[in-house]
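Next, two complexes with chain A in common: one pairs it with chain B, the other with chain C.
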Partner chain A sequence: MMSLTPQEHAFLEKKIGRKPTPVELQIVAAEWSEHCSYKSSKKHLKLLPREGTRIISGPGYDSGVLDVGDGYVITVHIESHNHPSAVEPYGGAATGVGGVIRDILSTGTRPIAILDGLRFGDIEKDPHARWLFKNAVRGIADYGNCLGIPTVGGEIEFDKCFTNYALVGVAAIGFGKKDKLIKNRADKDDFVVLIGGSTGRDGIGGSQFASDKLESENRSAVQIPDPFIEKLVIEAILEARNQHCIKALKDLGGGGLSCAVSEIADVLSVGIEMDVARIHKRESSMSPTELMVSESQERMLVITDRQKLPILKKICEKFRVPYSVIGRIKEDRMMQVKVETNTIANLPNSVIANAPLLDRSSSKPKYLKKIEEIKKPNTPKVLTETLLRMLANPNIASKIWVYSQYDHEVGIRTVVKPGHDASVLRLDNGKFLSVKIDGNSKHCYINPRQGAMGCFEEACRNVVCTGATPIGMVDHLQFGNPEDPEIFWTFKESLEGISELAKYLEIPCVGGKVSFYNETNNGPIKPTPLIGVLGLIVKKPLYPQKVSKNDLLVIVGETKDELGGSEYYEYIHDIIGGNCPTVDMKSSKLNQQIVLDLINQDLVNSAHDCSKGGIGVAISELCITNNVGCVISIDKIPAKKFKPDVILFSETHSRYLLVIDPKNINKTKSILEQSNAPFAIIGKFSGTGIMFRNKAKTIANLSIDKALGKWLNSLELLVTHG
Partner chain B sequence: MKVAVVVFPGSNCDRDMHYVFSDVFKLKTELVWHTDELPKNIDAIVLPGGFSYGDRLRAGVIAAHSPVISEIKKMAEKRMPILGVCNGFQILVEAGLLPGALLKNTSLTFMCKWTEIIVKNNKTPFTNKLKLNQRIPIAIANGEGRYYADKETLKLLKKNNQIVFTYAEEVNGASLDIAGICNKQRNVVGMMPHPERSAESIINPKNSKPASLIFESLLNTLGVA
Partner chain C sequence: MPSFKVDVIIENKPEISDPEGDTILNDLILKKRDTPVKKVRSAKMLKFEVEAKNQKLAEKIVMELCNEFRIYNPLVSKVSVESFDA
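What follows is the complex of A and B.
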């Protein structure tokens, strides 16, 4: 079913001093797959800064843990389920949610929020992309809603490079008491218990996913979702945690039991002896290998002792969660797999859990040279129609059709709801958590390093707009085949960029995931790193207040000629190339700080970041969502002398739009002046029209109603009638 | 005075409901697992929202056959205030404690949004502090929330003043825009919208006061307000 490369085969034989048995080979192949072992990326991931005063590290944690004070912690993790979602979007996306939720659960914290980052082809022209999009959204909704975990945010991008493909990245957040974190330890003779759904033939070889033929049946490697059993598993595990029944905990994900058992045993420096005959199965005829590598969902591995085992069983019975005691802890650091008394695999955990790492070669892609120079488009004198088209662009239009299908209120923590910059959740210690994920494959294609830094910067900006200070980040790096040196170069560049900015902004990386081999029939996807940022608010969040007539519009940050990879170039003019926005780290830090200062001094009514679609779109969004017009003088915007389309649509980073009450404007001005951050008062809210003026000339003029119609309804119309 | 919040496998608003009753409105509240007996000293019962039994077969239908339901039926006969919210409403309907049925929304999708409902009966244990025709900004989140009843039943509902809440706008295609109803005796109330998500100003983007009156009505009924 699965295979090792000849080099890996030789390495394995040398390590164990004999030929592996067929079952051993499958166990190792599952664990040594790129998905589980990170063999291509591991050496490079060391670049990311992982130290910080809030970071709590424990052995074997599958998610990052951050101390948020008063005895409470936040946990966070991000994963993707791209290949399955491209084949079966409903089940693939749903099980993507389930998998990352169990990572949060495995630290002993309750999952409190989900965010998702989705990528599909051109849904305007491609009905298959629409089908993938609709069903992935439904899969996430059905799973998350049933669990009662709110999906509070995310982002979506459509691009031709994802034709016949889908990226489904899911981030999850957990919350709990620090003293209830699972400590992960094990002693000789402790019991290994498999809890949750039955083990079936779904998801076999999922971690290697090559739709291998299986016993001549054409079964999919996509797992079958069952959110109801996941909900019961969550409640059973949390109750077992409360009753101190869990010494160590591990979720089952890619590679199934093979990976979960070997990894936990390796981390805890113990051995595990297990009997596959004891596993509760969906189909009685499953072979030992199938049982070891099945990726059936909704399963957790618990290590408990003799004294607590009866209590654990009782808890499972209360929730009617199936379980089986599959093994015992030994001292020999071996993973011994038996069928009743017959041993079928006996390998050192350290060998299984530590794949030989690779040094992939890298070289700068040739395409980058080609797209450096582009022919600049002619700018029409009036940009009204262009702006309207931009607002209807699926990458920019409101995603209300998506997030209204997600229960984003359950848990009664959601203070700032989806549809704003970042979402804010209240925590039990009176503080607030702000969360956002961002990605931009168009920027990353043109400049993998700056594009990736930009996604990170954008997520920071969004979190800052709610009044939060970034305290941690997660990165999800999605690329094509790493064996291609040009692709590997884009991976390294992105990673270096993210690491550089993380160090500069002192935001530690608390978790992440690498997903390679994202290839379509037409070649690799564009580099698509996805960055999640967590921010903490100690006092109160900036809840976007209704904009009133005569409020003033202030911009912080300089606008540069950076239309490369912009929605304006790609969507309006079909141009791929040019200068993509770069992150000036000094301005990034300064502008974040000054905006937070202004928010903390209660001078800001509402803050909004400029990203996709530039200032033109960002200001329109402010007007639309507040149902008030604005007259904007684009000549006042801090920038060199550029054409109006550059000013309106350039996607330069580190820019913020602030809505300021006239009575606060003088104080705001003086603080901004002292900070040396570029800023200007560029408009005043009133009336029912969004009017951009360049001195006396009107550059664009649209009515709120018309803009609202385009922005709010385009996506839904496209999906339901397109 | 004590409220029991009944928890079924798959309930997921139980903890929210418990928090609002106990921490916001300071009423003694106990979560009761569906196979346990109802505590002896309770004064009201709440069936919270969620996906009991994963909504298998039909929302609420399996939970409606839990052992605890027969006890709840006895309490209903004794005129104890009983509130079912969202999945809790679906369970009350499936258990025959309230008439009608809840069908898939006309949008055919799950919908989570803020809307307004209008008080049509302020003589129930959960609405007596509200004014007739008062508007309540409230959160809704459901896939099968479209109230349906045949003409005869609707006529009876009107005649007996059993319509408790209606939507102020077209939301899901419900018969007569019904958002909540009560039994003839008015002690059993079922509603699709979520008052527990709407009664605190920090999470209600509009106005939390009206929704908080749903809880204060119960306090009033129980004589603790």
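What follows is the complex of A and C.
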């Protein structure tokens, strides 16, 4: 079924001093898979800064915990379910949501929000990509909606490199009281209880599957979502937490029981003796190995003591959640698996839970040598038609077709809703949490380091636009086969870039995930790091206010000739290459601070960041969503002398658009002047047209109605009518 | 040309679990009641009315449509067709 490499096999035999039994071999293979052990990445992940005044770390936490004051904490985790989603998009995406939610639950906090980052092939031309997209979105919606957890945001990108494949990354946020966090400890003779759905043959070999290239004969690991039982598991666990029935808690994910049991025992420095015959199962004929490595969803592992066990059982019965007491805690730090009285595996936890780490070699990909050398396209004389095409581009067009399927209001916390820069959630202590995830595979392909930093910067910008100060980040690093030195180089570069920026901006990394072996029939995917940023708002968020006539448009930040990987090059001109935007860390920090300062002084009516599609798209979006026109003088935009298409569509980072009431403009100007940040008043809202002018010359002129039609409806038309 | 009613039933394969059916059984049928019901499986049914030369052809037309529109995932779903004279 699963296998170890010859070297790993030898290492295992040497460690335990004998030949492993067949069951032991399977347990170890599950845990030593790339998916569970991080054997390629672990050494490098140490680069990420993990210290911070708000960070609460505990043994065995599967998600990051941040102190938000007044006795409350936020938890956050990000994961993907790419391989399962590529073969069964509905079930794969749905169970992806379920898995991340249980990571949040395992700290003892209630999940309060979901975000998702999706990647598919070219949905304009590829019906299979459309099918994957439609069904993955439906899977996320059905699962989240059934649980009563709002899906508050996310991001989507379509690119040919994802043909016949899908990336489904899910981030979840939890909220709870600090004193109710699970402390994770265990003492001799405590009970190990498996709670939740029954164990079946679904998802057997999933973690190994996720660590292999996706080949057609290998498509058996389909998982079926059951949100109904997940909801009951959430409520049962939270009640058990309230009644102090949980000494330690762990969710079951990749590698099933083998991983959950060995990892928790290793972290708590205890041993576990368990009997597979006691597991409540779906099919009676399952072998011990199948029971140990099954990845059936909606299951949690609880450690409780003799006194609390009857209460825990009562709670499970009240919620009608199946459970089985499968084992006991011992002192010898061994994982002993039995079938009734027969021992079938007996291994030191430290051996199972700590795979031999690898030193992967890396080398700069050959394709990068010439990627920046391109023949620049001719600037179209009139950019109106170009702008309209940009707005209809599936990567830029409104994602309302997607987020309108999600219940983003349930829980009544969502005060700034999807469709804006970042979503904002109301917390019980009077503060607000702003959340956003961002990615950009096109930038990361051209420059893995700067691309990854850019995704991080973009997520920060989005959070800043709601008036929030970034307090933590999560990274989800998705790459192809790490055994290929060129791919491993792109992984290392991305990671180094993210670490560098995190250190500079003093935003600690509170969690993350690495997903390798994302390969399609045409080769590896483009490097796709996703970065989630959490921001805290102490007073009140910047609710985007309706733009009025005569409001002024201010830009903060300099525009550079950085069209490599831009939607303009790739979508309009079919050019892959050029200079990808780079992050100037000093400007990044300065501009974030100055924008926050202006928002906190109540000078800004609305803030919007410039990202995909550049200024041209960002301003159009402001006009469309507010149903008001604008006349913009592009000659005033802080930049060197560039052609109009560069100014309009370059995707330079650290730029913000601010809508300012004329009565506040002088104060705004004086604050900006003192800050030394490049800025300019570039337009005035009025009329019904979006008009870009270069001195006296009009270079693009688009009516709001026309722009709205394209931007709002393109994605839905594409999905529903091909 | 004769007309036929063609019913297409899409359900999870027998070896794949069916949470919807299980939930109906557990939460609606078994809840505090004595019942002879032992199992519930959920399915989706599409009912077509098709003009075709014969019944076999009518089924073929419908199945080709279902395949073309990818209304099910062959990895997960079991699809069966039943047809009758309209």
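The rule we apply is simple: the second predicted complex is superposed on the first by the 712 of 722 C-alpha atoms of A that agree within 3 Å, B and C clash if a C-alpha of one lies under 4 Å from a C-alpha of the other, contacts with A are read in each partner's own complex, and residues count from 1 in each chain.
By definition in this document, a residue touches a chain if its C-beta (ideal position, glycine included) is under 8 Å from a C-beta of that chain, and two chains touch if they have at least 3 such contacts.
Here the structure is a predicted model, which means the values were calculated and not measured.
In the superposition on chain A, A:404 makes contact with chain B only, while chain C stays out of contact range.
By the touch criterion stated above, A:320 is placed in contact with chain B and with chain C alike. One of chain B and chain C touches more residues of chain A, and that partner is B.
Of the two partner chains placed by the overlay, only chain B lies in contact with A:426; chain C stays clear of it. Of the two partner chains, chain B is the only one that A:412 touches; chain C does not reach it.
Once chain A of one complex is fitted onto chain A of the other, the partner contacts of A:87 are limited to chain C, with no touch recorded for chain B.
By the touch criterion defined above, A:55 lies against neither chain B nor chain C after alignment on the C-alpha atoms of chain A.
Touch criterion not met for A:374: it reaches neither chain B nor chain C. When both complexes are overlaid on chain A, the residue A:148 reaches chain B alone and has no touch with chain C.
Once the two complexes are overlaid on the shared chain, A:228 sits against chain B and chain C alike. The intersection of chain A residues touching chain B with those touching chain C, taken from the two complexes, comprises 226-228, 320.
For chain A in complex with chain C, the residues that touch the partner chain are 87-88, 90-91, 127, 131, 135, 200-202, 219, 222, 224-229, 282, 320.
The touching residues of chain A, counted against chain B in their complex, run 138, 141-142, 145-148, 226-228, 231-232, 318-320, 403-415, 417, 426. The touching residues of chain C, counted against chain A in their complex, run 12, 15-19, 22-23, 26-27, 70, 73, 75-76. Across the complex, chain B meets chain A through its residues 9-10, 12-13, 15-16, 19-20, 33, 35, 49-51, 53-56, 109-113, 139, 141, 143, 194, 196-197, 200, 202-203, 205.
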